[in-house]
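The same chain A turns up in both complexes below, where it pairs with chain B and then with chain C.
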Partner chain A sequence: MNMLRRNILKGASAAGTLAIAAGLFGTGNAFAAYNTAAFGAKSVADALKGMGAATPTDSKDIAIKAPDIAENGAVVPVEVTSKIAGTTSIAILAEKNPNPLVASFKLENGAEPYISTRIKMGQTAMIRAVVTAGGKTYTTAKEVKVTIGGCGG
Partner chain B sequence: MMNRREFLQLLAVAAASGMAIDSKQVLAGNAPSEFYDVPAYGNVSLMHMTDCHAQLLPIYFREPNVNIGVGGAVGQPPHLVGEYLLKHYGIRPGTREAYAFTYLDFQAAARTYGKVGGFAHLKTLVDKVRASRPGSLLLDGGDTWQGSATSLWTNAQDMVDACKLLGVNVMTGHWEFTYGAERVKQIVNNDFKDSIDFVAQNVTTNDFGDQVFKPYTMKVINGVQVAIIGQAFPYTPIANPRYMVPDWTFGIQDENMQKVVDETRAKGAQVVVLLSHNGMDVDIKMASRVTGIDAILGGHTHDGVPQPYQVKNAKGITLVTNAGSNGKFLGVMDFDVRNGKIAGWKYRLLPVFSNLIAPDAKMAKFIDNVRAPFIAKLDEKLAITEDVLYRRGNFNGTFDQLILDALMAVKGADAAFSPGFRWGTSLLAGDTITMDKLMDQTAITYPSTSLTEMTGATIKTIMEDVCDNLFNSDPYYQQGGDMVRVGGIQYTVHPNNKIGNRISNMMLKGKPIDASRKYKVAGWAPVAEGATGVPIWDVVATYLRDIKVVKPRPLNMPKVMGIGNNPGYVV
Partner chain C sequence: MAEPMKIRATMAGDVADIKVLMNHPMETGQRKDAKTGQLIPAHHITEVSATLNGKTVMEAEWSGAISKNPYLGFKVKGAKAGDKVTVSWKDNKGETNTADAVVA
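After this line comes the complex of A and B, so read on.
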């Protein structure tokens, strides 16, 4: 099972991975209990509190890859890589979404701390990644702009 | 390597040899024939043209008097206009070069030195440079297939054939994509097969991230391996209709760029050049982050930059150029490569003065043939202009004002928006506005006009959004177009503020814009699919046929605040 899950993660990462967010790790899946307090929160502070990560430490060992300007706010590709040893979870928040916590991934048995998914954004906002490792929480953020479009060039 | 002192000397010699505007012997047609005798240098030469916007014939093009730099770009190339630019590059006022690189005395200088560009003239110049530099390549930075009536009406075929005849070797793109993904693939896979490499490292498929085009091409020039990497306009699906390239994703893609550069070096490239449609500010930032690129030959922002901007990064220096627009310039980058390394370089951005160059007969014939089936339509006289008409500039141009006035008059609108495009040729006072010239401003594949009821709040949101694409202090958030042209509404702009706080004092007919009131706003070029409005050229043609004479009209320019003495702003 562990090997299988690692393979699924790796395969899904390589393939671009809508599957991960939508199916494997989405709401009510078999791998993790759905955290209503965190996913239902309407502010970043409440979502972090709900996750048990009220005051995460800023870290340069987390990399977020996302477009500077989204081509389509409805499907914004986001990748998060953690270089923090012993990473056990990676969560993504879109700070101005009605429910800021978009996804939370649990990583077990040395699974590669890398996730790739697509998220929905209604407006320009910071995308925040929150990593748990060794019982501590770490974070970094990157702005993704959602524009009206047109008028270029 | 030509340093600034040598460049100054070159210009001094040029000036001394009698090229001043006030010198009687240098009137157009009586200029020194040696103007294009550019001594060869080194062993690897790359010619660079960009953003010709389908201008097959010689045209006028007025450079901007407003091109404001923000953040780290204040007072830096390309954000220097008029005398600031002349001073920075040591160009004498009143000369042929001053006419090419600035708006100064545009009308008088245009009458003296004549039109610029034209593919028949460019062809002669390209062949001349090639003859002195065996093995040299011609690179085209894109925005080649769009911008004229004939390019639109032939579905880009005229430009595709013209570029093959011109001898283009490598190309990347932007407006090309507005003909749709299928048309682009058709041209790249058929017309360009075995002749032109279309390269773009930053265009991949939405689903699996596969490369759509070759990321780079490797050429051997006089025994030296040269890699030419392509960078298409990163924000094509945002600035232009997404539905035209629904399965492709773009973006800047620094990390992948670094991988591609490293791959070309590993494969033995001794010179690595990026053919870019990023726009100059984005190129400068990219040059500071990605290492191993010798030169970025850039376009998109239409900046005629006389000499490369040298950007330091972790592993060396990258030269960043920008080669203007509308066929006005030909860049010539010469490298002296010895023992696998670049020992020196020289760069020239040659203005293409049509009066100094004999047109290539074959290309001239080709252009005649392209135009022949459409000639009656092209030559229709719509009106006479009594003022210089131009577009380029951060906030407005006289031709845009005319388009805005036409939109408001024909549509019965309170206000109008017109996109901040940087293409579009210029006309002199007394010139006839033909359908051909109107199409130079409007020929796009999504030309629908609209009349929409918008609240004052929505109008402000749109203006703030576009303004941030222009003045965001981080170049990676800039899209390279100018501010949306606004008709009917006066406003104040603070370029250095953040989004939401740049636009203020919005007034319509002497009254403040009410955030909750609805206004009738006319516009064109919608990026959403399914628009069916009357094409913009029909709206403006209707207006021009009616007024017959275009009198000098007030240019709706915003009050610009908080930029101090910015060398990119002269009004």
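After this line comes the complex of A and C, so read on.
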């Protein structure tokens, strides 16, 4: 874990000193604040707290599309669609991964409340989506059974 | 250093469907080398951003739990054919990559 943090810190300072990095990422310091607290968290509760979404409300307006059974935990396709008006961010967590928070996406300027990606899962667990809309957080979860884990190995 | 990235952007109604395939090992830092038993150091994309005609539409933070050679799909409303999509990523070692595509 410390190794990881070291690397992230190193990465951050390197990007800061390189003018070219700022040029590449149009919005300049958009990447300045990698949420180390949330991504380094070892429990779902801590990860949610790190994201500032400690107590999200359960919502049926978020749909998670993922296989019921994933044969290969290293590649689990996940699609999250939110029907909540004013959705500004979507985060994906795999509850039993060593670090549950997988990714968070901030959506703006016309981006639809939809994200599709592929994630790794260590074992059978709930996949949880956390959506932020209008300053409130909503969540839903879906179980994915994993027959071969994607972490470790 | 950085491998190419593939972007495909197509219109479906008034929504641009954007699919991105990146090339990255996405090491979590938790796997052990089978031969030496040493931990393989983490090496994964931490930040991804996408712009449409220079305006940011998506910014993401990733852990190493995104699969190797990541796939990312997202949609942007109000785009039109000919718009320029640019996707950039940065990893925990400070490496970066950028690619763009035109919405078809």
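Simple rule for what comes next: the second predicted complex is superposed on the first by the 115 of 153 C-alpha atoms of A that agree within 3 Å, B and C clash if a C-alpha of one lies under 4 Å from a C-alpha of the other, contacts with A are read in each partner's own complex, and residues count from 1 in each chain.
Keep this in mind: contacts are C-beta pairs under 8 Å (C-beta built on N, C-alpha and C of every residue); 3 or more make two chains touch, one makes a residue touch a chain.
In this text the structure is predicted, and so the values were computed from the model without any measurement.
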Comparison of chain B and chain C by chain A residues contacted: C
Partner chain(s) touched by A:F39 [first = chain B, second = chain C, both, neither]: second
Which of chain B and chain C A:G134 touches, first, second, both or neither: neither
Partner chain(s) touched by A:G86 [first = chain B, second = chain C, both, neither]: neither
Chain B versus chain C as contact partner of A:V102, first or second or both or neither: second
Touched partner set for A:I69, first chain B, second chain C, both or neither: first
Chain B versus chain C as contact partner of A:G52, first or second or both or neither: neither
Residues of chain A contacting chain B in one complex and chain C in the other: 15, 77, 150-153
Interface residues, chain B side, partner chain A - complex: 143, 174-175, 207-209, 233, 235, 237-240, 242, 249-252, 255, 300, 419-423, 461-462, 465-466, 468-469, 474, 476-477, 479-481, 484, 499, 525-527
Chain A residues within the chain B interface of the complex: 15-16, 65, 67-72, 77, 124, 145, 147-153
Touching residues on chain A, where the partner in the complex is chain C: 3-4, 7-8, 10-11, 14-15, 18, 21, 24-27, 30-31, 34-35, 39, 74-77, 79, 94, 97-99, 101-112, 114-121, 150-153
In the complex with chain A, residue positions of chain C that touch it: 15, 19, 26, 28-32, 39, 41-43, 46-47, 49, 51-52, 54-68, 70-79, 86, 88, 90-94, 96, 98
